[in-house]
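Should a chain be cited, it is by its letter among A, B, C, D, E and F, assigned in written order, with residues numbered from 1 in that chain.
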Amino acid sequence: MSLNKERRIGRLAVMMLLDDDKERTLEIVKELGWTTCTGKVGSMEASKVVAAIETAARKNEIVKTGVYREGHALYHAIIEALHGVTRGQVQLGSVLRTVGLSFAIVRGEPYDSSEEGEWIAVSLYGTIGAPMKGAEHETIGLGINHI
Amino acid sequence: MSLNKERRIGRLAVMMLLDDDKERTLEIVKELGWTTCTGKVGSMEASKVVAAIETAARKNEIVKTGVYREGHALYHAIIEALHGVTRGQVQLGSVLRTVGLSFAIVRGEPYDSSEEGEWIAVSLYGTIGAPMKGAEHETIGLGINHI
Amino acid sequence: MSLNKERRIGRLAVMMLLDDDKERTLEIVKELGWTTCTGKVGSMEASKVVAAIETAARKNEIVKTGVYREGHALYHAIIEALHGVTRGQVQLGSVLRTVGLSFAIVRGEPYDSSEEGEWIAVSLYGTIGAPMKGAEHETIGLGINHI
Amino acid sequence: MSLNKERRIGRLAVMMLLDDDKERTLEIVKELGWTTCTGKVGSMEASKVVAAIETAARKNEIVKTGVYREGHALYHAIIEALHGVTRGQVQLGSVLRTVGLSFAIVRGEPYDSSEEGEWIAVSLYGTIGAPMKGAEHETIGLGINHI
Amino acid sequence: MSLNKERRIGRLAVMMLLDDDKERTLEIVKELGWTTCTGKVGSMEASKVVAAIETAARKNEIVKTGVYREGHALYHAIIEALHGVTRGQVQLGSVLRTVGLSFAIVRGEPYDSSEEGEWIAVSLYGTIGAPMKGAEHETIGLGINHI
Amino acid sequence: MSLNKERRIGRLAVMMLLDDDKERTLEIVKELGWTTCTGKVGSMEASKVVAAIETAARKNEIVKTGVYREGHALYHAIIEALHGVTRGQVQLGSVLRTVGLSFAIVRGEPYDSSEEGEWIAVSLYGTIGAPMKGAEHETIGLGINHI
């Protein structure tokens, strides 16, 4: 059941956001036959970050609309990614901070064995800080789930 | 006080671990005149992950041994990075899971204004899972602090 | 100070919600001379869940209005029950999820020794999920406190 | 995608532990064609609770040994159930408390639509308290995941 | 049910540790007819901090040995105090840090109304930091519960 | 790098709030050549507590306006102090509770070695409870950071 080195879904999801040459990462994902999308969201409300990612995932047909199973897998991946971004309490405006984030969603088969099936990765990268221009530092998060 | 695009310390710390061409990232960091090091640690004990990073930071003179101020900045950056890795409870073996991680530490001045001084970034990337070969998925974490 | 098998207050509080024959559980509670009530609450705000349970407890005279000691015991039992429902962060709408819950409150003496006095149990059972019909799974929580 | 009232997998998992007539619940689960098992574990180490449930799930063929996807689904269900039991920090002996728990695992299809596939529920019920006979109260937890 | 200004139990518990003239605070507590004790504990294990406080409370007859109700009230007060000390995860050695703490326990009636009965306050004050002499800063915690 | 007994910044920050003779503590702080201020804030929103402290710190020139480094040090000290106040989830109104707090901010050099530089302490003391007069108990918090 080992993770295939060429198919490290989490690494690819993060590289979709960090690579200078984003097209290169996108190509790798497409060659693997996987689905992916990226987007941006800035908010003081964590719920808006969740909503932006869920909407993008449905619109880009990465998860099937109306199938809870898929929405459930995605939701927990998003919340896990938000733990990396918030590092303690999954809260933004309620503790007077805001985020400006890029996100990527990747769905594919990262394991050698076909029995391991599909997984989903949600990556977040951007800044977190006070609601005041420039008063912020970088932040990252990654959530991975079977789907 | 804005974050300089060429000096995104968090992005660089993560690229030290994810880039195919790690030398390229290392060069960028060195050209900026910053200090950095990388290492690996696998453990079921979070304390060993903390210790490995602290030891590497001291040995590579990224933080000054015997100056608590610097150790304090580093410690909180490590713990914040571990939040991304553990996504909920900063626990490994006590909830029957283990990690195999690469880490990078980068120290430099990411902001335009010199008044913002030095910051430290700790990045973690690897796998987390059951203590059983292959029963694991990827995980990432980033902690950033002023130093 | 052992817990009396026939007076497991937590089990009874949960059975008030899950038993097909709820009357049977209610009868057992009443035969013990204990007080109890049940109710329902659906919300995206955790504060509304807390308020609904506190109001029911006062209206049904399970806790004495105006006595903080009793309100304090109840409050902590509610928050503990919400931990089981939310499993990580005691947040609903702020992480884009909603609950539809039944709750029961039971007050009585679960221990053999009369010195152990009265305790309160708050149980919650229902669904948690996205604010979209059917996109939800079950959830349970139980909080117990001395009163 | 609605949850079928006769197939509330979480309720059934809890009733496997609480019902006076456990055979009745077991029969319902079996008539649905689902798989289930129960067990007991007492420990001051959360890792031992996790291990006991994982071992029972594999031995009773509720999850497939060697398929990480299934182990991953089960693991997160267990940790979610432990949140209900521990209500705050998923820690036992490290904060000087111990548990005596019964557990049930149920795997089946709780939703009307076949597209929703299989889900797994892990329920925990028992006592938590000081490592001193009788110094304990009841506790419950439920974790549910798609599998 | 208002808190009596002269009987602020939490403030008194903290002053037992911080006041230059500790005898003065002790006198106030005794004049109120309340019970109290203080002690010290240094450890990398949170469980040892809990044990030291529980033992002192029993030995000084602040809580009644063998009455779970009292042990339960004390336990939750201790854990709440530890939240202030640890600020995030109630963990010490497992995240490579250690504490050197003084503690005070005060039991008395802080409210005007006699109906509010007795409450217990646990205060902690000392240092937290790396297991290296001097690499530490101060920390405080206070837990209050009805008893 | 040891903490100087006469310059225990955390103790002084708390004594600014608890001491009967607040002038005495203020004098000690001023004699050390340190900066400090106090204030009050009551709210059901944690963000308002954060904002009140940040505003006071800037207005009293304890931190430099427009320097993120200083705002960052202060922010984390505030959040750490709030952990002591909230003991679990850094939430107020969202879990139906409110606070009435005094706060103090102290900035100075608590260590013997000048290399350790300046640190900031944020202390909070007051009451937490239901949004109902008198239904509250005391609470305390202290956050310390290098600045």
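General observations
FYI, a residue touches a chain if its C-beta (ideal position, glycine included) is under 8 Å from a C-beta of that chain, and two chains touch if they have at least 3 such contacts.
For each chain, UniProt lists the protein as follows: A, B, C, D, E, F = Hut operon positive regulatory protein.
Computed from a predicted model, the values in this text were never measured in an experiment.
Common neighbours of chain A and chain F, by the contact definition above: B, C. Taken together, chain B and chain C share the touching chains A, D, E, F. Most remote from chain D, judged by the distance between CA-atom centroids, is F. Taking the CA centroid of chain B as reference, the farthest chain centroid is that of C.
Mean C-alpha position of chain A lies 29 Å from that of chain D.
Chain centres here are Cα means. That of chain B falls 36 Å from that of chain D. Contact of a single residue of chain D with at least two other chains is seen at positions 1, 68, 72, 88-89, 91, 94, 111, 119, 134-137. Chain contact topology: the protein chains form a pattern that is neither a line, a ring, a star nor a complete graph.
Pairs of chains in mutual contact: A-B, A-C, A-D, A-F, B-D, B-E, B-F, C-D, C-E, C-F, D-E, E-F. For chain D in complex with chain C, the touching residues are 1-3, 8-11, 14-15, 18, 80, 83-88, 110-111, 119, 121, 123, 125, 127, 133-144. By the touch rule above, chain A contacts chain C in their complex via residues 45-47, 50-51, 54, 68, 71-72, 75, 79, 82, 89-91, 94.
Per the touch definition, chain A reaches chain D in the complex via residues 1, 64, 66-69, 72-73, 76, 111, 113, 115-117, 145-146. Chain B makes touch with chain D in their complex at residues 88-89, 91, 93-97, 129-130, 132, 134-137.
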